[in-house]
Structures are given as C-alpha cells and as structure tokens.
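By letter and in written order, the chains are A, B, C, D, E and F; residue numbering begins at 1 in each of them.
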Amino acid sequence: MSTTAKNILAVMRTGPYGNQTAKEALDAVLTAAAFELPLSLLFMDDGVFQLLPQQDTQGIGAKDLSATLPVLPMYDVERFYVEQSSLESRGINSAELILPVEVLDSEQVKVLFAESASILSF
Amino acid sequence: MSTTAKNILAVMRTGPYGNQTAKEALDAVLTAAAFELPLSLLFMDDGVFQLLPQQDTQGIGAKDLSATLPVLPMYDVERFYVEQSSLESRGINSAELILPVEVLDSEQVKVLFAESASILSF
Amino acid sequence: MKLSILVYGSPNGSQAAATAYRFTKAALEKGHEIYRVFFYGDGVYAASALNTPPQDEQDLSSLWRELGEQHNLDMVVCIAAALKRGVLDPGEAKRFEKSAHNLSAGFTLSGLGQMMDASQQSDRMITFGY
Amino acid sequence: MKLSILVYGSPNGSQAAATAYRFTKAALEKGHEIYRVFFYGDGVYAASALNTPPQDEQDLSSLWRELGEQHNLDMVVCIAAALKRGVLDPGEAKRFEKSAHNLSAGFTLSGLGQMMDASQQSDRMITFGY
Amino acid sequence: MILHTVNKSPHTSNCLQSCLRTLSDQDALLLIEDGVYAADNHYANQTEALGEEITLYVLKADVDARGLQNRLSSRFQVIDDAAFVDLCVQYPKTQSWY
Amino acid sequence: MILHTVNKSPHTSNCLQSCLRTLSDQDALLLIEDGVYAADNHYANQTEALGEEITLYVLKADVDARGLQNRLSSRFQVIDDAAFVDLCVQYPKTQSWY
C-alpha cells in the first residue's frame, strides 16, 4: 500500500490519561506504521503532555503510554512535531521530552497541515 | 421524606444539547421535585444557555429541553439562580430567559453553596 | 461515616470511572460504610458483563463486581440511563423483547429515586463526573 | 465522490454521534458514495443491539441499521475498542466465553486496518469527535 | 485548503483557540454542535477579526436548536446539512477540533 | 466549608476558572485526574494567588502518572487516595467540577 500511499498527519491533542483518546490514537498510529503508510505526528495542546518523562501509572491502574511511544522509531515512524505555543504555555522544554521532536511555529504548523494528504484528528 | 429533608443544590453547567448531561440533570431534578425535596437550581457556565428562548431542536433530532424546564414551577421548584458573570460573558440579559431567575454575584453564589446541605454537580 | 458515590464517566471515555473505584476502595479500607454507589449517564457502561478489556488493561467491571461482593455494596445503575445505553437485566430484556441481557452480577437497575435517597441518607456524597 | 466517516462520540455522551448520522444521510441523498463508516472509541456503543431509548427519543442504533440496509453501507466497528466496551458479535462472545452477544445487525467488527484503508481509498474522510 | 470543524463551546473549551492558530488563508471554518456558540454576535470578536479569505460557516440545525437564530454574527454563513457535505467535497481535507 | 474537586486540564477547559470564582475562605481545592496540570509550577500563578485560608491539594496517583513529580508548585499538598477520603469526611460537602 505504501508506494502510492497518501501521507497521513495524526494530530494528538489530548493528555495521556484523562480518557482513552491518547491510547487509542497511538493504537491507530501503530496500525498505520504496520501498513507502512507515510506518517507524521503533531503533538499540540495537552497532547504535548504525552511526551513528559517520569510517567509512573501504577497508582491509576493504566498502561504507561510513555513506555510505548518510544517504540515508534523502530516502526520507521520518525517525524514527530510539536507546536511551539503549546510547549511555551505549559512551560515545557523540548529537550526534556521522551521523543526527538521538531518544534514548529504556527506558520510551520500551517505548512505541515497543507502538505498532508489525509488527517487523523484525535 | 420532606419534613427533615436536606436541601439540595443542583448545579447546571452544561449547554443543552452537546451531550445528554443537561437532559439527565433535569431528570434528576424532576425526581427530587417528585420526592418533594427542598431544591434550588444554579445555572452557571454554559448551563445558562439552557435558558435561552426560541430553541427549535427538530433539525438535530433531540427533545426540546426548553419545553420541559418551564414545567418545574408546577412541581413547586421555584428557586432558579443564575451566576452573573456567566450571563455577562455570554452577553445574555436575564429578562430574556425562559424561567424567572434571580441573578447572583459571586459573593451570593458562595452563600448559596454554603447554605446547601447537599450538592448535585452536573 | 456513611458515604455515597455518584459515577457519571464512561469507563474508557473518562478516567473518572477508575478514580471512583479507587476512592470507594480507599473509603472501605478506612472502615467507612458505603451507603450506595450510583451509576448515571455514561457511567452505566461499567455495569456491562460483556466488557472484555485486554489482559494487560484494568477490568473495571470485574473490579467493581469483586469489591461489591466482598463488601456487600449496593451498586445501583439508573434504569433510564441504562436502558437507552443498552445495559439490561433479564426482566428489561424480556419486557422490551431484546435478544440478550448484559447487566453484570452485583449491579441492580433502579430509578433516580435511589440517587435522591442517597443524598438524604448519606453523611457525604461525592460525584465523579466524566 | 467517495467519502468515509469516522465516529468517535458515544451516542449519549456526545452529540457527535447524531451529527455523523445526519451527515452520512445528507451525503447519500446528494448521491455520494460512502466508502465506509468506522466507529472508534466510545463511538462503538452505537452498534449495540440492546440500546433501548424511550419512544420519544432518537434511536441512533436503529437509524444507522436502517440507513445501512437501505444503502448497503460498510459499517465497521473497531474490534479492539468494541471488546473492551462490551460490544461483541457471536464469534467474540464465544471466544471469550461471554454470556451473550449484542452487535447490532448491519455492523461488522474489524481491525484498525480498516481505518487506514479508508484513509487511502476515500476521496474524503471526516471525523466526528466526541 | 482545509475545512476545519469545531464542535465545542468557546466558553468552556480551548478548541476554537487552537483551531484559529492553525487556520491558513483559503481555509474554511465550520462551527457545529456546541461550537456554534462562537458565532454568537456577543462573542464573535475573534472570528470577526479573521481575514476575508477565510470563510466562516455555522450549521443551521445546531443554531436553531440552541436558540441563536437572532444572535448570529453577520460574518457567518448559515448552512444546512447538505451544504456541509458540499464543503467537505469542495475542500480536499478536514480537520476536526473536539 | 466545601471540598471542591477539579478533574480537567486548565489548558483545555474552564473548570478551574469557574471553581475559583466560587471558592470561599475555609474551602479546600483538590486537583484530580487532568486537573493536576494546574498544580504545575509553570502554571500555578492563579492558585498561588489564593489566600492561605484556602488549602490546596493534588492527588498523588495522578501527579505520578503524568510525570509532574518535580514540577509541582509548593503551594499544593500531595495526598494519597486515603487522604482524599479523609478530606471528604472533614468537609461536609463536595462540589465536583468536570
């Protein structure tokens, strides 16, 4: 499916544990990776909280998403983008995140949306 | 149950149709009324939108909540409060609402909370 | 002290369903009496016996059922909320000529009067919204 | 044009489930082809055959089933999302030794690959979030 | 060219704010469900400040349900479900903010 | 005396704002679930401005899950589930903002 495949942008906007959205978005992303579809991930709004280190979910009885996210590069998913203003308003430094991300300003985010053939909105 | 009953404050914070919360909150309020429990309603945040006139729900296939709300006074529910800042930030005049409400400033809202024996949070 | 717990969140759509369970467990461990756990709104989905989470994920329905058995909890599911969401006991399944029933053991379908009764009879009532 | 619809909202927890239905119906009336309707997250609850709303409220499950029959729609429910939420077809009910199955006629359980396929094969894909 | 939909009230959610940060010229914005409260003329300062290249729509069924018929900013075009489908065809991609 | 709980992120929801408008002296505020993001020391200006009569708590399990252990404002006391129950007993009423 990958030779003439439409490139997909997955937009991750929710925190990791307030509901199952982040978890189910990641399941969808892993599926796209398994089908070898060209894929980019944009973390914005509370989605950037998915990338904080030191997550320890024992107390809430949920699976640790931050243990799964670093698996993505092994599936050849390598384009991780983070919206700058989402980081800034949350006081997060991109260097501390659990994935190697590229920080995009709002003009670059617009270009990213424009260049994607299909969008998965989470 | 009513003679020594705890008075209940029902806090209505959601718009009427984005989900079933407003509908199910109203069902709970009607039940409290049927049990003749002393009951006050506080509309705040998007809950004040429940009280706008001219609601016509045919197009969305939902029941018109604004047709049920005016029934409450017939069940002897008569204390309807609206938070002033919620009205102001939405540009709503209390005189246009479908129920006769008392507008409370934030100090009065605090007193209302303090004087209630039990709170139903919606 | 006599506590009642209101659960409005869907087990997957909101963390509130899991927090309500943890709170109830902690209250029991502290020796408090749980007067009632009342499931309303999408919270009623926790009472489906058909929920089949993967083995490495929390199974809230089973956890509630076990906690209920251990402590003889009164776990009431709002009947109106449950019917529209497809959580039926054998009686309602028969009445509406549905092909199956799925209310998990330990839960009871009943009316909103049980919520009002809890507000009157409990020393404390706490809501876990979605 | 070939359209696909993604539905994430619970039928009662979010108006999105109803909006998705209206959109699909309008698209069919305009003569478009619906390549697939894919139910994910709490959206899978629309596929329960046990949903029993009051007579004066919209019955989304029945509406989807009828629309599906009329237009031979491919209505796919994510199997992983459905299992954990207790929406089972006869095969899954048997496999997990559950007491009943409740997947409504017209819906099919399948994997997330069907979502990816829809993203590739459809001219347009639109998400109705919760 | 993207069709953006927003389905949450601007008073209770940040959806609209995030959408506005990413809107390009030639994009369109359609408010649906509780998103239509952002088209209320008592609130619409932000959307009214957008350039004219960005077309603004609001879904009729949701406006009517919420009693906003006479409260709408003139910057928004009121469209029915069929026109929603047309927009989805006209714009090659949609992004849903929820 | 009311125990207020907030379970939504202050970045995406107005829950905390509404709660703060109604907090009385002698009330307590407990952040749970996504509400704990409001105790992040990069964000907590508003809660830190509250009078000392209002006690601020944050639920440990949710702080740990989200990796906020070293990012918390010192104004907040971190409590476990058992202490959450104690608060519920100590305060005669709770109001849940969600």
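Here is the rule we use: contacts are C-beta pairs under 8 Å (C-beta built on N, C-alpha and C of every residue); 3 or more make two chains touch, one makes a residue touch a chain.
From a predicted model like this one, the values you see are computed outputs, not experimental measurements.
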item	value
Chain labels contacting subunit B and also subunit E	D, F
D-E or A-F - the one linked by more C-beta pairs in contact	A-F
Remotest chain, subunit E as reference, centres from CA atoms	C
Most distant chain from subunit B, judged by the mean position of its C-alpha atoms	A
CA centroid of subunit B to CA centroid of subunit D, Å	34
Subunit C-subunit E separation of Cα centroids, rounded to whole Å	38
Distance from subunit B to subunit A - Cα centre to Cα centre, in angstrom	40
Touching two or more other chains - residue numbers and ranges from subunit F	7, 11-12, 14, 33-34, 61, 93-94, 96-98
In subunit D, residues with contacts to at least two other chains	8, 12-13, 15, 19, 22, 41, 57, 80-81, 125, 127, 129-130
For subunit B, residues that touch 2 or more chains besides their own	17-18, 20, 45, 60, 62, 118-119, 121
Interchain contacts (touch definition) - all pairs	A-C, A-D, A-E, A-F, B-C, B-D, B-E, B-F, C-D, C-F, D-E, E-F
In the complex, subunit E residues that touch subunit A	2, 14, 18, 21-24, 93-98
Complex interface listing, subunit C residues touching subunit D	10-13, 41-42, 45, 48-54, 57, 61, 80-81, 83-88, 92-93, 96, 98-102, 130
Subunit D-touching residues of subunit E, taken from the complex the two chains share	5, 7, 32-34, 61, 81-82, 84-86, 88-89, 92-94, 96-98
Footprint of subunit E on subunit F - complex, ascending	11-14
Complex contacts: residues of subunit B adjacent to subunit D	17-20, 60-63
